[in-house]
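The following pair of complexes shares a single chain, chain A, combined with chain B in the former and chain C in the latter.
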Partner chain A sequence: MNTYVATGKNEKRPAKSKAYAAIVWHEFKKNKGALIGLGLVIFFISIGLLAPYISPHDPLLMNQANRLQPPSITHWLGTDEHGRDLMSRIIHGARISTTVGVVAVLIAGVGGVTLGLTAGYWKSADAIIMTMIDLLMAFPFLLLAIGIVSILGPSLTNTMIAVGIGGIAGYCRVTRAEVLRVRELEFVEAAHALGYSNARIILNHILPNVLAPIIVMVTLTLGSSILGAAALSFLGLGAQPPQPEWGFMLNSARSFVMRAWWYSVFPGLAIMLMVLGFNMLGDGLRDALDPRLKNMM
Partner chain B sequence: MAERVLDVRNLKTSFHTAYGLIPAVDGVSFHVDKGETLGVVGESGCGKSVTALSVMRLVPEPPGVIEQGEILFEGKNLLSFSEHQMRRIRGNEIAMIFQEPLTSLNPVYTIGDQIAEAIMLHQGLSQAKAIGRSIEMLRLVGIPLPERRVRAYPFELSGGMRQRVMIAMGLSCNPSVLIADEPTTALDVTIQAQILRLMRQLKQEMGMAILLITHDLGVVAEMAQRVVVMYAGKIVEEAPVAFLFRRPWHPYTAGLLASIPQLDVERKRLHVIKGTVPNLADMPEGCRFNPRCPYADDQCRAYEPELQERDGRKVRCWHPLSQDEEGTSK
Partner chain C sequence: MSIAYIVRRFLAAFGVLIGVSLLVFLMLQLIPGDPVYQILGEMATEEQAVAMRARLGLDQPLHIQYFRFMSGALRGDLGRSIVTNRSISDEIARRFPLTVRIALYAVLIQSIIGCSLGILASLKHRKWPDNAAMLGALLGVSSPSFWLALILMLVFSVWLEWLPISGYTDWRSLVLPSLTLGLLGGGRIARMTRSSMLEVLRQDYVRTARAKGLAERVVVFKHAFKNAIIPIITLIGMDFGSLLGGALITETVFAIPGVAQLAITGISRRDFPMVQGVVLVMAVVFTMTNLLVDIVYSLVNPRIRYQ
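Let's look at the complex of A and B:
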């Protein structure tokens, strides 16, 4: 593609100016789905943050007399097989899922972007890194995560690491592709001609110009990371009891599907709505940040 | 004699290609004196830009490689410098401005930040002082309201303004040599004239040497004291600018000059030099220009002429035009 034309359109991109933020917000507002997504994300993040103050009961308090109670005035969403309040557990689960998502994306993002910058900038590193990434991508995500967790041992921390590593490939590819485009632009050549070091050129001049698609990718992968972590917990490889993790709650609820519908429906609904929220927010952000990508992705 | 700032000797820069190692610049020698402008002219692909990049040691390696030669900057051979030493030369002692002012500035930083970055790196100034110096430079290159423009992003400026900013950036560290690679090609004609005037004026004020690379003979006539004409990786003619325009010796130079459309001469068709620049991987035998030369004979097709020096100019031709006209040879 003609890079010259592409950069001509990029001219709206300087991320610092207030006017730019206003343009993005204006674009974003027009998108109903994006607003719903933003609402959902804000909702789950706030209940996660405020969990200790807003949950009606102690999420870990067992009460065998109260096993598998259907939704009622005292237990809005019912109770589980140990008599714990389901709503309180879901509220605390929001905190766990958000943290897992953010940390996993952070691992994937930092790792992937670093590798992508290196591979895109130095041709000699490109072949090695991209072969590794291709290898990584050859494994189905869940299989890879299961493999990593079984090596490290099942725990929430290791789930974040596993999901993070699984996400590296995507970030690396997107970053590399953008670097390959940006490094050919004349301002990079001009930076060389000004005597700048490679590190300075990569961090100060290339990185800010490849950030837009990475930001979009963060919001889009947050959802899938949460889903991946929930899946690992469901398989018993992530959160360990008695942690109120949604995926693990679903696993426990399996045995009671016929007797206590609320036990599997509400945690499942929570996962679905949170992932949906992040995905809709990501889509909206993508369209608002970079109109060019609308037709590409 | 004037002080030689830049002295390039027998430079040969090649590229690894599917056809093997192909020289893009083949045994090129020239020098630039302090306060002088040397024009380097030639068609696309004749090696002018590679020459400029070689001087900066910015030829991408691989596939490029500087095979031989010396690039003496103030007496020191740049080819013996480490990459680290070279970085202190670039932007500081030898600055370069490029063809595309529209893409030569980083779109995410203000122009003030961009000029200041180079100043802070090379001169070790504090950020506040560097911004102050940026404003000074912007004023020097004729940007109105420099105190406000310093906070502008590149997209807020026109092409001509951006080229002024590039010049300000290039000159911000007081370089001894400015390499300008087609500095006005992307600009429209009135802006071209402004930028050229600015460069001439700044050269006088700051006393640097300019290596001006262009395919535009008009720009050369206006700016340069001496001209080097390149063809297919080699210098074919070198002369003071007035002599070259009045009486070109090499048929290629004559062809280039004849190709300039003239308004006062009525002509149905524009003059063209027949054929195209030969593929670097498939050079003709003998003189590289012979397949396109109206005067070529068997000697031209068999043997490559040397660059001969006479009367303070150089020409690489068996049958230089001046001698034909004056009847001293042939």
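Let's look at the complex of A and C:
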């Protein structure tokens, strides 16, 4: 209840104000799950950034004498079928997965928010854009991604594009719904009356007021984009060997599941923890920024 | 009113299907470069290229190509695979039932798991069963399906040796692929059931039912759950599509000969008609399921029709 009153009152103020950020942080840090999520996200981003300095071995160095070794003192998480150190590969994989997630979400977010702003603001564009979006949504996410990768050809870059395009529909719908709500409010009417240009009204007056659900969506879709991209790599349509990508590592691990349990367990555990971090962070941000959203996402 | 809504919904679905067919048709056109050389490789001779172009119908004007594609598709003819020269419709018809079965069993499993966990969580709101169920749901939303599949394979096939490790022999081969998706999807359903139940349990009529001394079981299932179920049904219906997609992944993990193999070998061998066929069939099934869910929904909940 407390949360609701706090942000409810705040909704009328521009998202930029210092007090708003303080209130959001105050709500956020009360939430234990959100803090754990933040911790996990920071952890994975740091090991991704520091990968070359902290990984104990070269992630690409093959050593056939050392293949499929169980976890030990030298290889904490064991080795793979080419004798490469699994822990080093997982640490470097954090870099790939964060990049993939961020780029895919950028594509989805920029594309979807632009379309959503356009569709919500101009009634004439609405029908066309929403028909396109309905069409995108006629494909299950993974199928759409597979279709796009089949057009562009399998690679890590194309995976990011495919997952990004798959995410556009969600951003567009959320943004449009918010714009439809905000555009009827008095301050937008006032901006019109003052003769401001459409671009100025959209960017300075509408966008800041529809940002909260978009921020929440960014964190939540980071998780699902990482999952989607890993799935494509698992299917062999994304990262190509010898890239240490987590999904692709599990693809190779599948053949050795009878002999090397660690190979199947650890890369997946890394994906799960990273995605879990983004999801918990997203849930926490949602509750702190705008409790209304709880029923929307 | 109801008829008008259903007709409108049918027309909308029809429009989406036309759009889907167009998009799938255009896949071949959207390929960067010449699709013919993409298929044959850069070393292909001019004659080979001309033959392949004729075979794919790419030498015809676009609208005639689309007309041929559509009239074929409507008759159930999706052309022939470039690699194996087999009929694509036959290949899909032979394998699709396995994919659909995995998705259907998964729907069943996730509904049972999700509803029971969700009801339990709502009744023990903010106590440990609630927290445990919600943690489980969060883990479910965050886990990659192919990883959970591998873990289940490790436990039930490698260590316990209860179930076959891969390939398809009988229903036992489908247990783990479906269970994987069911466990993951159960998390989403549990969240929805919980929030829907919490909403309903607050209502006055639930308090009345309890006040007049009805058994808790009757209150929960007859008064509360019955009214909480509508959003859950929608979610389950909408999930069918993502389960079909998810089935592609678990099929791959357990080497089940469903449509996933067709799509994935199709992509790696540049067998575009095959990929088009799989994508088209799955998108059509997905659209039709959504249509069905909407109609059932409007019959169950008359309010929706007036919106």
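What we mean here is this: the second predicted complex is superposed on the first by the 280 of 297 C-alpha atoms of A that agree within 3 Å, B and C clash if a C-alpha of one lies under 4 Å from a C-alpha of the other, contacts with A are read in each partner's own complex, and residues count from 1 in each chain.
Keep this in mind: contacts are C-beta pairs under 8 Å (C-beta built on N, C-alpha and C of every residue); 3 or more make two chains touch, one makes a residue touch a chain.
No experiment lies behind these values; they were computed from the predicted model shown.
Colleague: Let me test your reading of the model: by the given contact rule, A:S150 touches which partner, first (chain B), second (chain C), both or neither?
Modeller: second
Colleague: Does chain C touch more residues of chain A than chain B does, or is it the other way round?
Modeller: C
Colleague: Based on the superposed arrangement, let me know which partner A:G111 touches: chain B (first), chain C (second), both, or neither?
Modeller: neither
Colleague: In the superposed arrangement, does A:P242 touch chain B (first), chain C (second), both or neither?
Modeller: In the superposition, A:P242 contacts neither chain B nor chain C.
Colleague: Going by the contact rule set out at the top, does A:G83 touch chain B (first), chain C (second), both, or neither?
Modeller: Touch partners of A:G83: none, neither chain B nor chain C.
Colleague: Answer with first, second, both or neither: which of chain B and chain C does A:R254 touch in the superposed model?
Modeller: The second partner, chain C, only.
Colleague: Let me test your reading of the model: by the given contact rule, A:P71 touches which partner, first (chain B), second (chain C), both or neither?
Modeller: neither
Colleague: For A:S197 in the superposed arrangement: first (chain B), second (chain C), both or neither?
Modeller: first
Colleague: Could you look at A:L227 and tell me whether it touches chain B, chain C, both or neither (first, second, both, neither)?
Modeller: Second partner only.
Colleague: Residues of chain A touching chain B in their complex?
Modeller: Chain A reaches chain B through residues 4, 7-8, 10-17, 185-187, 189-197, 200, 204-205, 208-209.
Colleague: Which of the residues in chain B end up touching chain A in this complex?
Modeller: 56, 58, 86-92, 95-96, 98-100, 102-109, 117-118, 121-122, 153-155, 166, 169
Colleague: Applying the document's contact rule, which stretches of chain C touch chain A when the two form their complex?
Modeller: On the chain C side, the touching residues are 15-17, 19-20, 23-24, 27, 30-32, 138-139, 141-148, 150-151, 153-154, 158, 165, 195, 241-242, 244-246, 248-249, 252-253, 260, 263-264, 266-268, 272, 275, 279, 282-283, 286-287.
Colleague: Could you list, by residue number, the parts of chain A that touch chain C in their complex?
Modeller: Contact set of chain A toward chain C: 131, 134-135, 138-143, 146-147, 149-152, 154, 223, 227, 230-231, 234-237, 247, 250-251, 253-254, 257-258, 261, 264-265, 267-269, 271-272, 275-276, 279-280, 294-295.
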